[in-house]
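Shared between the two complexes below is chain A, which pairs with chain B and chain C, respectively.
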Partner chain A sequence: MRQRRSRRPVWVGLAAMAAFLAVFVIPFWFIFLQAMKDRRGAGRLNFAWPESWHFWGNLVEVVQTRDYLLLLAFFNSILITLGAVTLLVIFASMVGFVLSRRRTRLNGVVMALVLAGLMIPPAVVPTIWVLQGLNLFKTLHGMILIQVAYGLSFSILLYRAFIAGIPRELDEAAIIDGARPWQVFLRVILPLLKPVTVTNIVVQSIGIFNDFTNPLYYLPGRENVTVQLTLFNFQSQFSSQYNLLFMNILLITIPPLIVFIFFNRQIVAGMTAGAIKG
Partner chain B sequence: MAQRQRHSPYPTWFFLPAAMVYGTLFLLPTVASLWFSLTRWDLYTAHFIGLDNFRQFFSEPFLVASVGNTLIYAVLTSGLKTVLGLLLAVLLVSPIIWRGTLRTIVFFPVLVSTIGIGITFTTLMHPTRGAINLGLEVIGIDGPGWLTDPGLALISVALVDVWKGVGLATVIYMAGLVSIPTDYYEASRIDGATRSQQFWRITLPLVWPATITVVTLSLIGGLRYFELIWAMTRGGPGFASDVVASTIYKQYQAGFYGLATAGNVVLFVLIAVIVLPLSLWFNRREVQA
Partner chain C sequence: MQMTGLTLAGVTKSFGAVQVIKGVDLQVPVGAFCVFVGPSGCGKSTLLRMISGLDEVTAGTITIGGQDVTWAEPSARGIAMVFQSYALYPHMTVAQNIGFGLSLARLPKDQIAAKVAHAAALLQMSALLDRKPKQLSGGQRQRVAIGRAIVRDPKVFLFDEPLSNLDASLRAQMRLELTDLHKRIGATMIYVTHDQVEAMTMADQIVVLNAGRIEQVGTPMELYRAPATAFVAGFIGSPRMNLLGGPAATGLGCATYGIRPEHVALSTDEGRWPGVVRHLERLGPDALVYLLADGVGEIVARVEGETPLAPGDRVHASPLAGREHRFDDGGRRMMSIHPA
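Right, the complex of A and B next:
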């Protein structure tokens, strides 16, 4: 940004790296080390190098705990994430399209509701009451719909901002050629939304996969366990087995890590979308 | 009119799927909470008791304390994320070596499970065996009981929250910083401005939209979420680190559904009272700037 040639950038970079390693990397290094140790070694909670390596043994033991609870949790979490993100992309892109294209009074109301969704904390017990009334409480599809309801505001804002940058002439040309409204959306607009859709998928899937509070409230029960809740359940069970607890943390960090490696740019784009619009 | 609407290329029914889910699972419970907060309620029968829940909420010392704790937690996390995020962003847009790696390192904790981070830091903050206090011992400092001292527990959790979330503030500020034209810096340098003058007179005013986003997002988040608190202290020791969101969960677990819902309404009002005037003020300043 500022071009000034000096030796400063080198030592600033070195100092920053040293500080960042100490502050941000060491806790992850700690997780990694404990996950490799045996029970006694991990119980000391120190940074000592493992006396012997137990990666595979710890992995198998965590997976087998409570009758393969972790596998069930991964299955549930992935199912919820896929279902919710699919619906979010479809529903939010439709709303974002109409919201950014039309100028009616209804839009003001819709925008107010979208912003309310970002701000208002969900009323948990009444939500459980509604879910029970619809027979959706303690069900995976109920959880999916909850994640959709809570994620819509953010996704709609992303889509609305992106669609505003697509020239209206494209719609008009398609309409003159006799396209119906849903064809305009499906054939003309939707293919152009790929970048913002990738951003939406990545940001929302990480958020939903890492969600703890909502499954805690709306998805109780052993058969409905999600990955974040396994950690919570194992916390008491593994209180003397830190090697297994940290192996569990390591395992549930892998999916976000993979997504991060492949979609680093989109994540940052999505999370900063609100910053430049002003 | 009806004719024209049917042929509008932007049909209203596109709102419908989203509106159904959002209306049923978000708006309806929110509106219903206003009613249920006035009742004694077991999910099946609701008995109207007026403002008794709110009266009870504000007469229990630990519930009142949770409101104060929520404010402390939100202001502390939001303030630190904003200041540190801006400083880190200024560092990470300047031409230093390993810039890309440094950006990755600072952002990665944002994507990791909050509960996992909470458990990890709970171990690191253990008063006698934790790595932080053992490290302090080496340099001759007797480390405090980070999570066991009632006066410190909330602040310790808030610091971990900042550790995890500052990366998001940093990338938002980075996006704001790179959109400032470099001409301004060149012109001011020719006029003899110092580095710190450039920061206060150019960077800070022009990065205002990013500041709005960071402050609003982190403040709403700090007021609403209790995941990290739950993972690290469960509101303890005693009720020392309980916030409104965690007391709502405790009241729900104990079966006090009316009281829990009243807590929800209190939280809603708290957020509205803080965030709405703030965003109005922010936007007015933005227009002036």
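Right, the complex of A and C next:
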């Protein structure tokens, strides 16, 4: 049996590792290399070893560019991410709870709307029109609401599936113990949602932090800049400073990386779970 | 009139067009251990859920301790329920599980702790209060669920097949513990099971349900001695009563004729039903003889364990006098013809 097991994976494992290398490591290595070079060296965009090391110089220059724009961008992005993810977790868990527990005809309608939210692409111009009418255009809280709206469907589906795996008898036991519906949710269900909440936090926060297009459309203005938009600082039609661009990329990759490293194990648990053993 | 712990009057339940409970009237005396028993799908769990308030009645009234609670909230009915899966809150310790209802009622912390400690002592699990449900065995989880019910100090305890997830030896032990608990607390208990052994051993009052109706209410021995219907006759008692239909029964003056295996005597030379031993189950103290009786069909007899019989032997089976049961073509017991 041991022989049979050891014969198969040698080349399969090698192929998997090669694929992993090509998809994940090589691009990252490329970014890292360019970020260390001077402007001329980076401009060649190759895998050559840096002739001289400019890590600290590039770093300082990127941070200082356009009056410390990157720091403002970090502040804005983190604020949007925190706000949107907090609202997403609160709303999606509540909607998921009601969808999976209450039996009414409205459920079908709500589920259709949730799926529509996943399937129908967002229309940019009408959205801007609505935002302007609500005086939310070009504001961070307007951007937060947009990110919530875009992410809500996916989060609701995750929560709903997870809550469906929690035995209904738990709710009933709590009801007999005298719990009101909101107490059933807050004191019995919500504490059990930790795995799927971690999944939601990681997936949504990385998505929102890395979002490029939506801030580009809905959040114009120098004071509203988000991290992904700072990449424009070093790239223009006629001249590009690739060493600084890649240093910038390197810097803004760090927060999602930290989130991912911290929650890595729980994410898988939350994706595959759905059962609470009683 | 004796005070009743629980009264059901004309209770019905419909899901859409399907009526699952078809008018149930029942009175359970205060302090009784009442067991609802019946095959799966007979409506016993639905009935229990209606008493608990988790499901609404379609028609009829429910009275607990003299109070009409038909439309009351579950928590306001003076009931506590133990679920089949125990339904312990996985993220809380044993103490928090037991005290959850009290903390919802905003009792002071010291009072909660005192009540939890009392319940834990009663169930001999004071040492387990800091554990999580995951760290407990099946029997211990069962006890936590019962503890959660006890601290509510209910007028009526509701049990929904609480022993079905336990293995056989633990089940026998928990049967005893539950009966002891009932004696100590003295509250009315409603217990749902599909296991007629649990019903026979634990109940003061058995309610046999079939297809949404009550077939018979009585003490275990009343049901054993004089089942009111052929269904009860077949359901109560282990091994099952022999129920004969067709010409064999008509010849004896009824539509269905019943005789329990323990009330069948075997003889080698004469008897009512001659036949061949088809199969033999030796259980130790006694043995079950499966007899293929000529022109009648299979009859099971329970005989002394060492009885020297083998498959293929010809024997004669006869009913013991006064132990026969006769039912008319509606399945109801015929009282007048052959008084027991």
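In this text, the second predicted complex is superposed on the first by the 242 of 278 C-alpha atoms of A that agree within 3 Å, B and C clash if a C-alpha of one lies under 4 Å from a C-alpha of the other, contacts with A are read in each partner's own complex, and residues count from 1 in each chain.
In the analysis below, a residue touches a chain if its C-beta (ideal position, glycine included) is under 8 Å from a C-beta of that chain, and two chains touch if they have at least 3 such contacts.
In this text, all values refer to a predicted model and were calculated from it rather than measured experimentally.
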Answer with clash or fit: chain B and chain C placed together on chain A by superposition.
fit
Quick test of understanding: once the structures are aligned on A, what is the angle at the Cα centre of chain A formed with chain B and chain C, as a multiple of 10 degrees?
90
So in the superposed three-chain picture, is A:R101 touching just chain B, just chain C, both, or none of them (first/second/both/neither)?
first
Which partner does A:F75 contact after superposing on A: first (chain B), second (chain C), both, neither?
neither
Contacts for A:A123 in the overlay, against chain B (first) and chain C (second): which applies, first, second, both or neither?
first
Name the contact category of A:I175: first (chain B only), second (chain C only), both, or neither.
both
Tell me which partner A:P167 touches in the superposition: chain B (first), chain C (second), both or neither.
second
In this superposition, the partner of chain A with more touched residues, chain B or chain C, is B
Which partner does A:F32 reach: the first (chain B), the second (chain C), both, or neither?
neither
Kindly classify A:L192 by the partners it touches after superposition: chain B alone (first), chain C alone (second), both, or neither?
second
Across the superposed arrangement, the tightest C-alpha approach of chain B to chain C, in Å, is 8
Across the two complexes, what residues of chain A are contacted by chain B and by chain C?
175, 276-278
Touching chain A in the complex, chain C uses residues 52-54, 74-75, 79-81, 83-91, 100-101, 104-105, 133-134, 141, 148, 152
Would you pull the chain A residues touching chain B in the complex into a rising list?
1-3, 9-10, 12-14, 16-17, 20-21, 23-25, 27-28, 30-31, 44-47, 87, 90-92, 94-95, 97-98, 101-102, 106, 110, 113, 117-132, 134, 145-146, 148-150, 152, 156, 171, 175, 181-182, 184-185, 206, 210, 212-213, 216-217, 227-228, 231-232, 235, 242, 245-246, 249, 252-253, 256-257, 259-260, 264, 267-268, 271-272, 274-278
Chain B to chain A touching residues, read off their complex:
8-12, 14-15, 17-18, 21-22, 24-30, 32-33, 36, 41, 43, 91, 93-99, 101-102, 104-117, 119-121, 123-124, 126, 129-131, 134, 163, 168, 171-179, 182, 185, 208-210, 212-214, 217, 220, 223-227, 230-231, 245, 248-249, 252, 257, 260-261, 264-265, 267-268, 271-272, 275, 286
Under the touch definition given earlier, write down the residues of chain A that touch chain C in their complex.
167, 169-170, 172-179, 183, 187-188, 191-192, 276-278
